[in-house]
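Below are two complexes that have chain A in common, paired first with chain B and then with chain C.
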Partner chain A sequence: MKELSLNILDVAENSVKAGAELTQIIIDETDEALVLKIIDNGCGMSEDVVRSVIDPFYTTRTTRKVGLGVPLLKLAAEQTGGSFSINSKSSAEYPIEHGTKVEARFCKNHIDFTPLGDVISSITTLIQGHPDTDFLFSHTLSGKVCAELDTREIRKALDGVPLCEYEVIKWIEEYLKEQYAENK
Partner chain B sequence: MKSLAELQAIKDKMKDKVVLREGTNDIRVVVGMATCGIAAGARPVLNALVESVNELGLSNKVTVSQTGCIGICQFEPVVEVFEAGKEKVTYVKMTAEKAKQVAESHLQGGKVLTEYTLSEGEL
Partner chain C sequence: MTVNELSVECSFDAVCVPDGEREISGAYIGDLLSWVMGRANAGNVWITIMSNVNVIAVASLADVACVILAEGVSLDDELIKTATKKGVNVLKSDLPAFETAMKLSGKVL
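After this line comes the complex of A and B, so read on.
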């Protein structure tokens, strides 16, 4: 992947496919590190499945026998001297509080650090493709908020208008752009 | 500065349109957005399609949606066009620029851009 934001788009898709009502995408940066968390309340996975998703030859897909999304994110983090973890509670074992948390830590000053890239585009793409599920996005730099978005608030304000409507997607894009420009 | 209050205006504007639009979309455009598609550049292709469909005023006729792996990863980014009563058209190795052309020629004008489609011999 050329940009970290593409890994975010890719791995967040797994959360939506796991039936998550809410997927949180949290980026916390300092001068040295970037920590990415993708947290969902989807169906989760058993311990065995968690162990196998980091294996490129594991996938739930039936068209091919390889799944590269999680391994690519893991590689992107580890090649910077960072770390990667994935924790999950399956709905079978935890009927009330289930879901998956993926955490990747990157060392930003390492030569193999992939730039974050157009994260706004990844967020709007996720919302356009999955207008009926909610996303919470937060990006901080040294503890200060650069941009944040909660589709639950947007959904409430729109009162039935689908989030994938062009005007809504454009508004979200501008809304995030403005926040980044102001908090630079 | 943008505020959530602006969404109220969008809501008021869209409410009638959305009701009107339901059920009228007869062309479905699907972009492969699995790992293979995303890595090959599907995100700008999808955005270009969404943008063009709106600019050309085709939102009543065309829906753009996302799907997982279509199974021909070596040809990604892949865009499929489904139209009632017609055979599926598969565009391969797409770019944002090609997507704009497809929107104008195919989605608006009804003319398939065969230079970007997958021919049987290639499979």
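After this line comes the complex of A and C, so read on.
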């Protein structure tokens, strides 16, 4: 992917498919590193399945024989001299606290580091496509918040208006843009 | 032209050729795998310098006729096994991508 934001979209879609009520997308940057975490409370995976999602020939879809979201994110991180990990607790083994955590660490100064890209559009695309599940987004730079959003709070304030309404999505987009502009 | 014929005519060494009689039409060059995935056409020769397992996956997904690894890049034994199992033809060339493509000129289109 030419931008990490597309990887985020791809991997967060897996969380929604896993039945997550809440998917957290957390970006913590310093001058040297960018750490991306995608954490969900979906159905999780057994150890065997975790091993196989790193394998590009594994997919939960039946329409094609390879799934590349996770392998490409892993490659993108490792190409910069960074690292990648995936931890999961399956609902079968952990009925109360289950879900998956994907963490990719990028060395920003490596020449093969892919820019983050249009993360706002990834977030609004996710919310628009899945208005009934919740997303928490947080982006920090050296510990200082650049932008954050919690759809649970927006949902409460909207009192029944679906999050996928055009005006709501537009508002979220502007809200994130303003935060980035203010915290530059 | 088939993959076997291309290998002989252009002296590209075979890394693994599970389906040497596959017909070739056209070529694509690229190293950003997600980009190649959406743009390489079925039957293309795909020239790249990347050599991880995802290359085999993208080749399989895009249904290219064969991969040519440029710049003397090769695959390790584990990847050769995977490519063979998945029916992905892989050749190699010591030349850079441009010169490798030049050798295809007039042959694969």
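Criterion: the second predicted complex is superposed on the first by the 184 of 184 C-alpha atoms of A that agree within 3 Å, B and C clash if a C-alpha of one lies under 4 Å from a C-alpha of the other, contacts with A are read in each partner's own complex, and residues count from 1 in each chain.
Operating definition for what follows: contacts are C-beta pairs under 8 Å (C-beta built on N, C-alpha and C of every residue); 3 or more make two chains touch, one makes a residue touch a chain.
Note that the structure is predicted; figures quoted are calculated from it, not measured.
After superposition on chain A, the partners chain B and chain C are seen to fit next to each other with no clash. Of the two partner chains placed by the overlay, neither chain B nor chain C lies in contact with A:115. In the superposition on chain A, contact of A:57 is made with chain C only, not with chain B. After superposition on chain A, the vertex angle at the CA centre of chain A, spanning the CA centres of chain B and chain C, is 80 degrees to the nearest 10. Looking at the shared chain after the overlay, A:125 reaches chain B, while chain C stays out of its contact range. When the shared chain is aligned, chain C comes close enough to touch A:75, but chain B does not. Using the contact criterion defined above for the overlaid structures, shared-chain residue A:6 touches chain B and also reaches chain C.
Contacts of A:153 after superposition on the shared chain: chain B is touched, whereas chain C is not. Ranking chain B and chain C by residues of chain A touched puts B first. Between chain B and chain C in the chain A overlay, the least Cα distance found is 5 Å. Residue overlap on chain A between the chain B contacts of one complex and the chain C contacts of the other covers 1, 6, 64, 68, 72. Chain C makes touch with chain A in their complex at residues 32-35, 37, 52-54, 56-58, 60-61, 82, 86.
If you check the complex, the residues on chain A that touch chain C are 1-2, 6, 55-57, 64-66, 68, 71-72, 75.
Against chain B, the residues of chain A that register as touching in their complex are 1, 6, 9-10, 13, 17, 61, 63-64, 67-69, 72, 118, 121-122, 124-125, 128-129, 153-154, 157-162, 165-169, 171, 174-175, 178, 182. Those residues of chain B whose C-beta lies close enough to touch chain A in the complex are 1-2, 4-8, 10-11, 13-15, 18, 33-36, 38-39, 43-44, 46-47, 50, 54, 59, 64-66, 68-71, 73.
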